[in-house]
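Shared between the two complexes below is chain A, which has chain B as its partner in the first and chain C in the second.
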Partner chain A sequence: MAASRVRILMIVLASGVIFDLLLLESENINIGLGSAAELTGYWLFGVMVFLTLFNLRKKLSMIPLGPASIWLALHTVGGVLALALFWLHTGTIWPTGIYEQVLVVLFYATVASGIFGYVAQKIYPPRLTQSGVEVIYERIPDHIFEIRDEVEALVLQCTEDTRVDTLGRHYLDTMSWFFRKPRFFLSHMVGSQMGRQWVRQQDANVRRYLNDAEAEFLDKMTELAMLKNGIDLHYALQSIMKRWLLIHLPLTAALMTLSVWHLLVVNVYAL
Partner chain B sequence: MATVAHLSRPQRWDSPYDPEMQDSDVQDLLTRPEISAIDAGSFPDSLPLEGILKNDTRIVRFNPGDIVVREGDYGNSAFVILKGKLRVFTGDYPAALLGRETASKKSLFETIAQVWTNKRTPEVRDTSRYGDQAVRASKRGGRSRRLDSGSSVFVQDIPVVLNKYKTAEMSEGALFGELAALGRIPRTATIFAEDGATLLEIRWQGLREIRRFDDGFRRMIDNRYRQNALLVHLRETELFANLDEEALDKVAQATLFETYGAFDWHVSYQKMRSSGQSSAGNEPPIARQGEYVDGLLMIRAGFARVAREYGTGQRTLTYLGAGDNFGLEELYEGWKAGETVNMSSSLTALGYVDALRVPAQVLEEHVFPHLEEGLIKPAEKTERTLADDALLEFAVEERFINATQAMLIDLDRCVRCDDCVRACASTHGGNPRFLRHGKTFDHWMVTNACMHCTDPVCMIGCPTGAIHRSQVGGSVVINDDTCIGCSTCATSCPYDNIRMVEIRSADSHVVVDPATSQPILKATKCDLCYTNPGGPACVRACPHDALNRVDFHFDSITEGDL
Partner chain C sequence: MSNSFDYRFDRSSYERPNNRFVCGRATEWGKPCGRGPNGDGTCGGTAECQPFNRNGRWECRRAPQDGGPCADGPGPDGVCGCSTPPCVPRRSMRQLRWRATVIFVGLAIALIAVFTQLTTSGDIFAGSARLAALDAGDLTGSHAGFTGAKGCKTCHEAHDAAPTGWLRAVFGKNDLSGQCVDCHKFGGPADRPHNAVFAATASNGKTGKKTECTMCHTEHKGVDADISTLDNKQCAACHKKSFSTFDRGHPKFSKQFPHFRRTSIRFNHASHLNKNFLKPEVKDKAPASCTTCHQASSAQRSVEPLGFEASCAGCHDDQISKRNLVVLRLPEFEESSIDKEAVLEACGPVADEEEEDEEFESVSGEELNSVGAFLMNVESDDPEAYSEAFQNLLMAMAEEGTVPLGGLLEQSAETANPGTMFAGLNPEAVKRMACAWARNQEYELPAEPQYGGWYGDIVDLIYRPSGHADPVVKAWLEMAISAKSDDDDVTERISDMREELLSARDGAGACVKCHAVTQDTEDGPLRIEWNYHKDTGQSYQTYSHGQHLSLVNPQGVKLADPTQGCATCHKLDQKADFASGFKDFNPKTFSSNFASLNKQACVQCHTEGRVRQDCQLCHDYHKEPGFTDRVTRNEN
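Let's look at the complex of A and B:
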């Protein structure tokens, strides 16, 4: 078994033991007519603080704080533990009271964005590899510009060589839209082949009106369009893998702020 | 009408070692006893001794204190002392004396302090440090082209050094550096000029030709190797470990020295790589499949491809590096069965290969009869598919086999978050020491990060010895203090893994040479975070275990291992 799987298994086991012990202790407290909310609340807050430390670990990468992969494993399993503790702490999936409801919405949204990010990071990398293209995200605009430049030169060359502007008009009317910027974002996101199909369809639409010499230029244009489609895929999936954090982190910040306030209020008024 | 461009066919001596070498210099050299001992008549008309002296040698003058060769450096030439005295260190001496970095691991506090000491501007240097180094402009009595960059590290205060450290004298006529040059192994000693000295420097191509055509010179070189290194090498080899002194001596006497391929393989490889050509079919053969096995080949330096015919091509079975051998199983099986056997695979040089050939007859007489049972195991007949070996084929083709620490990314796991790049930048003054980009194969990417090569061609020609192997761990590192920004290492690296950067002063201004108004450059590359506790920051920073440092020879590259 790979080391990473053993690592995950051990963390899951440890988390399970922690949760079971807390569950038992909560039961004991409840049987004694006490309130277990204080115990589970502090544990929940502690786990949430630990989860936020993962981002700090990323910022302090020059300090040997252990492999980030262990931190991610702890973060992932810790997130699940936090959800279980949350339900144990609140005793419901939807509390009453506006403040609690806002807190719960933030909590669920943070968890949901975390799950989305986790799943996206598992599913998307192999799809990027399968595209056969590998690009650095920040260079995507340059690549698109270069491809567009190449296609436009190709179209001009075609018009000059063949003295026919069919392909040129097709480019201006239809294909220039595709080459202008990244397209089919949602389609790439959900794994559909709409971009590829669109390029093939446009190829077929114009091919019947071209002579052999023009068809050779069209072949090259379609080849470049397929390359652009691969880059679009990278743009879409890399954007999602980078930007989901822009939702997850602010949600976390808001959740932690409200949680601290909740802790203060509870300590001042309820205990 | 088709037009053609005209170019004279490039010749062996189109690029002489020193274009200023004159015929009169050659005539002077021919009168010297060391050179006149070489039999000029044994050289063919196409490669006369005079031609070798004129094109493959140069006369270099060294000032007192100049370091001629530095322990641990890689060089491609040997030297003959024409005039003056040199000193060789025979005992311990500080690395700083040679311009080497003496950096130690950072303490925990120093590591944490990077959080607030890291500058916002990248590549900031404390420029006052550079003044402490013994780097000086090279003005070696006229025409010295040895140091194109015009600077070198020198030994300061020679009388003190001579008193403090153990040295031995080398006087006129002494030849040195030939074993490192021919064997492509690191220099084993540091030699510096005590007084002003004039040396004849012979590049490896010239050495190879002289050794090839002059029996006396070859015997002298071979005997020196036999006396200095071969016996020790053989004794350390498991196969010969049980031999008595007499038998070992006979093996040593019968052993042949062979070299294949070009010493500067990286130059032709770079051209081939940039033109997108394949090296397969252009590799010098060492042993051919189907031919009679006449001896055991022991690789001393370089890499060789073991391949077998497959379809219309050659399928790579494995590759061999220093310490590996080839043909032993066939020889042993043949000896046991009492019949001659042929090679079941071929061996070709990947770049430069320095090998020892122990004749079959010697093995059969002195080694096989006393061999312990089980020492030679027949190769495992595991059926591997083309897909199983595809990554190996890729690594050999791209010469990544040279790597001891290639940065390999599993693209099926990598989420392109660039945490590795940021971690590298935060550990190295704000600028990453690698590009998360490189050759890809299937779902693997070998990025543009220094691979800390077994054969570090980047170290050849560094005028100040700034690029060197660290004393701890053996990674290839650059001493920023003595790097003069000549770009020799960056140009030599066949994998484009060294970057030249403009440095900035503490107040974030670009540092400029007042004489030329050009920015001061420094060579930078991955140093495996050797001064930071915890190992390479890039590996630690990857949350998905997608990035690892690997040696293709030893590491099994599979999904579960990364």
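Let's look at the complex of A and C:
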């Protein structure tokens, strides 16, 4: 077993032990007519602060704070621990006060977005590897421009060489839409092959009207279209892997803000 | 394959996703420029390079990844020759994330600010108590009515306080229990377990663990929430005798349970059921069932009898009026010192006046009765001691009627109430009786008294009880039982008076034949148990007889079948010496008519899978819970 897996397993076990100890202690406190919510609340807040530090770890990459994989594992397991602690703390899945309800909605939304991000980070990278294309997200506009440029040069060359504009009109009427920007975002997101099918369909549609010389140019154009489809896949999946944080981080910030207020109010009113 | 897939340093630019802006052309899927946007968000790519002046000549410095130096080179003025129209850079994803985070935090703070203003009396959502950042949820219905205009401050002192007040509250301790006892009160300290300092704890010089109301009762769970529920585990936290359920491990009931003292009424169930009720002359008056005499349908722990009229009067009513109270008895005098002239003046002449020179012979041969001896503070069996005092009393009664009697009573017993004790005593009748006795004559009753009340008969001043709970008799008995003195002689007279009035056999009104005389502590006062005694000694136990009665026999209990009804649990103990329990004043030395209850009787139903068996079903936590008068005043 790889060392990283052992470490992750240790983290999971440690979290499980922490939760079990808290569960037992809460039970003891409840039995002793104490306030277990105070204990679980502070632990929950502490875990949430620790989860928030994950973002700080990314920003302080120059400081040796341990491997990012460990931090990700801590963040993931900590998130699950936080959810369990949350239910232990509240004793319900839906509280009564409007403020608490807002807090809970934010908590659940943050957890849900985190789960979505975790699943995306687990599922999409293998699919990107399988696509056969490797591309930096920030360079995708450049790649798309260059492919489009290359395709348009190819179409011009075809018209000049064959003195026939069938492929040119096909490009203008149909394929230029495809090469202008990333397409089939949703189908790439859910793993559908709609983009590939669309390219093949267009190829088949026009091929019957082309002579042999034009067909050679069509072959090259289809090849570029398939490459473009691979880049579209990267664009879709990498966008999701980057943009889910657009939801997760703001939600986390709002949640922490309301949690601090909750902590203050509880100390003023109840403890 | 496109050349741009080559990531060599001299063939592609270095991406900087941390930058705040990205090239506007790239966002529109055009060719991004190599130089990218400026830090302030303006386009930095209108020229492809920044020419360098070397030895007076301008050199093109276009990067290799952008194609290297251009063929035309810079102009003579040092301006790049490859200019392009400017783009509109867009914010990078990191920047968008940061802005979204700031906006969300701002919204959260705004939400807190808005909610904080929307208090329960907020104008925008007036009446909607839940729209407040400080509101953790609805109060239970019973508490919501007592917060009123004072609102949250009723319980939370820091509410509406200045920031400094909040700061103090954060680092201080909130005394929520202190607010609870404004309305709730108990039969002991509110902040101690079970509102009591138990003997075992007190013997160690301790007062027990401090408790808070919020340990068990937490609010804001909704209007209909049950905020009083404990569970068995919580009970087991303190009660060291641990067990899982009632049917598995609960200690056996004590040998006495549920009879921890004798009853306040000397009613022998065994002799009545087995002997008295079977007599032909009373058979038709005998109760048909236990519920004929006991109010069981709505009874909780105690099943009170319905009272004398419903339960006893059928057989025992006339016995009360037969037990007269003799307050004063004319004793035997050896000689008379009564001034006949004074008698003549007070009482007037009579037709058959005796000759003066006859030797004095007392019309009464009786001793002074114990009540009279107590009132006059004289020896009852020594004529020399009582003659003068009694004859003086007679003259005073002949002149003033009842007044001297009241005076004697007030002198003898400080707590006595002559108004009640001589209620209905006719002064004229007293005068006539005193005159007769002063003349050394028997008092002849004009007519036989048919009903209760005062009358004189030969040598006695008598009160006949009018019926059960006669107030005059009760007052005399109360006086007799409460009288006390440091003088040994007086104490002996008090004892004699008690023996006469409180005699179970011949006592006034036959009260003590049924009502127990009790001394709760060794040195405590005696008292007559006029009312049904509710056993509060086991104050943490609760039981509903009413609910169980419907289980054993909805129609009531048939005495003919002792295997049913109340007898299901309450079985007569035929061998018990019930009467012996009333021979002394200690209520704890007794023998119950009924056998003690066994836990198995309860376990028949209260067992796993059948009927509840949690601790709180039979045990209360609080001792004598109640409310302060603040609840009725509803102050906010």
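The rule is simple: the second predicted complex is superposed on the first by the 271 of 271 C-alpha atoms of A that agree within 3 Å, B and C clash if a C-alpha of one lies under 4 Å from a C-alpha of the other, contacts with A are read in each partner's own complex, and residues count from 1 in each chain.
What we mean here is this: contacts are C-beta pairs under 8 Å (C-beta built on N, C-alpha and C of every residue); 3 or more make two chains touch, one makes a residue touch a chain.
Everything numeric in this text was worked out from a predicted model, so none of it was measured.
In the superposed model, A:F145 makes contact with chain C only, not with chain B. Judged by the touch definition given at the top, the superposed model places A:K242 against both chain B and chain C. In the superposed model, A:L72 makes contact with chain B only, not with chain C. Comparing chain C and chain B on the residues of chain A they touch gives the larger count to C. By the touch criterion defined above, A:L258 lies against chain C but remains apart from chain B after alignment on the C-alpha atoms of chain A.
By the touch criterion defined above, A:I98 lies against chain C but remains apart from chain B after alignment on the C-alpha atoms of chain A. By the touch criterion defined above, A:L60 reaches chain B but does not reach chain C. In the superposition on chain A, contact of A:I136 is made with both chain B and chain C. The contact surfaces that chain B and chain C form on chain A in the two complexes overlap at residues 134, 136-137, 242. Partner chain A is touched in their complex by these residues of chain B: 111-112, 114-115, 118, 411-417, 419, 422-423, 426-427, 436-437, 440, 442-443, 445, 532-535, 537, 539-546, 559-561.
Chain A meets chain C in the complex at residues 27, 30-35, 95-100, 102, 134-139, 141-150, 180-182, 227, 242-243, 245-246, 249-251, 253-254, 257-258, 261, 264-265, 267-271. On the side of chain C, the complex with chain A involves touching residues 1-5, 7, 12, 15, 17, 22-23, 25-27, 29-32, 93, 96-97, 100-101, 103-105, 107-109, 111-112, 115, 130-138, 152, 156, 158-159, 166, 169-170, 173-174, 176, 211, 214-216, 220-222, 233-234, 236-237.
Residues 1-4, 58, 60-64, 66-69, 71-72, 121, 124-126, 128-129, 134, 136-137, 238, 241-242 of chain A are the ones touching chain B in the complex.
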